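Same chain, two partners: chain A is paired with chain B first, then with chain C.
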Partner chain A sequence: MSFSFLDMIILAVLCLFGIGIYALLTMRNLIRIIVALQLLVKSVILFVILAGNITGQMALAQSMAATVIVADTIVAVLGMALAVQIKRKTHSLDTKDIAGLRR
Partner chain B sequence: MKNAQSILILFVILFPWLGAIIIVAFRQNKEKGQHWLASAISLLTALAAWLLLFFNNTLIISIPLGGIFGNIEFVSDGLAILLVIIATSIGSLAILFSTSYMKGESQLSRYYSLILLFIGSMTGLVLSSNIFYLFVFWEMTAFCSYALISFYNDDPKAVRGGMKAFIITQLGGIGLLIGIMMIYADINTLSIPEILQSAATLPTLTLQIAGFGFLVAAAAKSAQVPLHTWLPDAMEAPTPISALIHAATMVNAGVYLLVRFYPTFKAVPGWNMTIIIIACLTSLLAAIMASVAFDLKRVLAYSTISQLGYMVYAIGVGGLFSSQFHLLSHAIFKTLLFLSAGAIIHSLGTRDMRLMGGLNKKMPFIRNVFIIGSLSLSGIPFLSGFWSKESVLEHGLEHGPLWAYTIMLITAGLTAYYTIRCVWMVFFGESRSHMQPHKISSMMKTTLTPLALGSLTTWLLAGPLSKFLQSSMPFHHFHTYSFWEPFLSVLTNPYTYLTLAVIVVAIFGFFRVKKMKGLIHEVRGIIGFAEKGLGFDELNKVFVTPTLWLAEGLRYTQTGILNWNIFGILLGLLFLISAVLLGGI
Partner chain C sequence: MWQFFIVLAACVCGLQAIQSKKLSHSALWLAVTSGLVSLLIYLLGAPQIAVIELSVGAGVVTILLVFAINIVGDEQEEKKPLVPKAIAILVVFGIMILIGSTLIPVKELSVSISETVTQNLSEMMWQDRFLDTLLQIILIFTCVLGTLSLMEDRNKSKEGENNEF
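On to the complex of A and B.
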């Protein structure tokens, strides 16, 4: 059984996506959650490029990927900044400890 | 010229919202600054609304957004402008009154920003020419109403009243949404003029579902039986709020909705008759409950429900102009009554009429304006309430069933009865407690004076108003009158004198009943039942209790833990994707 290049990319997308989702659902450290989010978004970017390649609309796919990268960077930076503030305030990055909105 | 008009239209919606943000931003300021800022913003908005009268063409502003929700459209026709002027003018009077009434209260920025948010939403609601955005504004007014009823949020009664109002008006919102979706599914447009135009092409079933959906919406918003119980409980709000939202503006939104879509639904079998039945029940039962209530604000609330019944009745019998005429005069005299009741409550510190009495000499100014409002409410010639109520009754007799007219006639008598009872208990007789009223501030007097003058004179506008409405609304049929015509037609109608006779009998009846202790003892059970709201509260609990129970249950899902929230988001995403896929297949 041999993998084509396309199959390998799909596999990579699925792996990255799966790891991202798994980490998002199980990790309790805020920094790890942000990293998980990054993994998730990277898999989506890869998928967008792949879709562009398959449909022959590379220009559109690339511009969308670039947009996602920019938005994703902002999300990451803001997330990190919030994490720093939370750490300063509560001396913890554990989501269980900082759940202030709990009923 | 057109630009100036469009700027004014957008101004009356967006400027109050901007003001709401400004007030929140400057919440650290001194109390006086808050009062003046809110007053200035509301007065400017009212000025802009009045300026709209100078443009005699109907302008449609369209802001293209694309997508299925259509363009944001505003139309400045007669009906919209009438309600914009009422909302902004009474809004600014209520805010001016609040500068004195709310003196020394905490969290004034929340109070004023919510009122301004409400004024903007109300003007948006009536100006909107796209039914989806009308729905959005509709819900925004419901939210403002909820937040302002629960303004004193450390008082459990106020919080409960707010939630009840929110849940019951939401029920109406669902009816409205179902109606909108039914119409959209058939004619693929959300624009109100297009809906009015293509009403004839709609299938009967769509029209029926949409028509009754809109009727539920109107009944919930305008407090019609059996969805009226939120309005008396909404009286926990500060009194200027009761005057603005729960007497003069938001409760009229239901009447507005029915008038706006009247050409679409008038041919639906049973629609008109349902409206007439609801309206008759509402005005009669509310008048009975007002006759036995002891809380001054609750009496006025029941009276509002009863008078809204008159407006809805007028729509049911096809008297669109009469309903708008009564809406105008009711907005003014009921605001006057509420604000003067506010002045009394503010100076005595109680709402219980059993503790009042003998205020005649102590508060002469308030007595005078309250009596003007009361006379207008009871339909005594020649105040504005007299002309508008007679106009409704006259139209009802000509075009509606006789039994409905008889019920409304009896209600007119009951109205006079509870009004004289209220005036008597508050101002006359022996003083029943040792409370010493404070002095009424000059600002309160300043706001009450124009309202009193309005109650005396707005009837003069009947002729011009009818022409204004008819000329700007191509799909509606409003009866047009010359200047003197409405008055001559009322005065020459023999049934006017029948109504007056009923009113006089009711007033004399009040003085007789006071002496008939035996009779009161006999009907004690009925009176007690009426004091408890005739059992409608139990009926409304069917909606309110499960909603609150569900909300309490759902609070357990609010763990505050990030992973669970992400899980929820993913589930939602999965649901949406599968819905799209299934729909696509």
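On to the complex of A and C.
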């Protein structure tokens, strides 16, 4: 049984996606949640490029991947800015403490 | 076969990014993962996106992460996870099996080189998807302005105003 390159890419997509979901489910630190989101998005970008490679529409896949990268970076930067402000206000990065911001 | 080692290294670095005790180490492992993913993207035949991913994922995001970690502190207390780890692992395996069963048949769609759509990336971005590109530029400016206003230290700016009077 031999693995082709595309099989390996699918393996990478699955592993990175799994790691990202696991971190999102178990982590409570805001910065770690941003790291988990980054891992998730990397797997998605890899899959978009793989889909372009398979269907022969690389230009469309690349432009889609560029959009995903821009959106992901914006989410990460805004998330970090929010984390800094939450740390200043609550002196914690725990997601459970953020519930106190409602009061 | 050597590509397998890149895939393995990317997965191990991704795992280290969420497992390492210090947040700054996490940021560095994430940067290495990003570099390896961009290498895989390059091998898939998308050099432009590989370069963008390398400069944005391993460059900008890592610098901003390290900057944010410097402000908020690198200490991290061990706390009980929101979802028990055993349940999280079960959920992850369920999701991986579900996605895997969807992804693996996709390979059958593989088209021959003669059927490939030969279109330039710049042509696609600046002609076919011009509106999307414009929206992305606006989003980037919005993000910069939003981040500047969020990062501003309100207490310091208030102190500054008081000192003026």
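Things to note:
Basically, the second predicted complex is superposed on the first by the 100 of 103 C-alpha atoms of A that agree within 3 Å, B and C clash if a C-alpha of one lies under 4 Å from a C-alpha of the other, contacts with A are read in each partner's own complex, and residues count from 1 in each chain.
Definition applied: contacts are C-beta pairs under 8 Å (C-beta built on N, C-alpha and C of every residue); 3 or more make two chains touch, one makes a residue touch a chain.
Since the structure is predicted, the reported quantities are computational estimates derived from the model, not experimental observations.
After superposition onto chain A, the modelled positions of chain B and chain C are compatible, with room for both. In the superposition on chain A, A:99 makes contact with chain B only, while chain C stays out of contact range.
Judged by the touch definition given at the top, the superposed model places A:56 against chain C, while chain B stays out of reach.
Once chain A of one complex is fitted onto chain A of the other, the partner contacts of A:71 are limited to chain C, with no touch recorded for chain B. Between chain B and chain C, C touches the greater number of residues of chain A. Contacts of A:33 after superposition: chain B is touched, whereas chain C is not reached.
By the touch criterion defined above, A:44 lies against neither chain B nor chain C after alignment on the C-alpha atoms of chain A. Contacts of A:21 after superposition on the shared chain: both chain B and chain C are touched.
The gap separating chain B from chain C in the superposed three-chain model is 6 Å, by closest C-alpha atoms. Common to the chain B-facing and chain C-facing surfaces of chain A are residues 21, 25-28, 95-96.
Taken together, the chain B residues at the contact with chain A in this complex read 555-556, 558-563, 566-567, 570. Within the complex formed with chain B, the chain A residues making contact are 21, 24-28, 30, 33, 95-96, 99-103.
For chain C in complex with chain A, the residues that touch the partner chain are 3-4, 7, 10-11, 14-15, 17-18, 23, 26-27, 30, 33-34, 37, 40-41, 43-46, 48-49, 52-53, 56-57, 60-61, 64-65, 67-69, 71-73, 76, 79, 81-83, 85, 88-89, 91-93, 95-96, 99-100, 103-104, 106-107, 109-111, 113, 115-117, 119-121, 123-125, 128-129, 132, 136, 139-140, 143, 146-147, 150-151, 153, 155. The part of chain A that touches chain C in the complex is made up of residues 3, 5-23, 25-29, 31-32, 34-36, 38-39, 42, 45-47, 49-63, 65-67, 69-71, 73-74, 76-78, 80-85, 87-88, 93-96.
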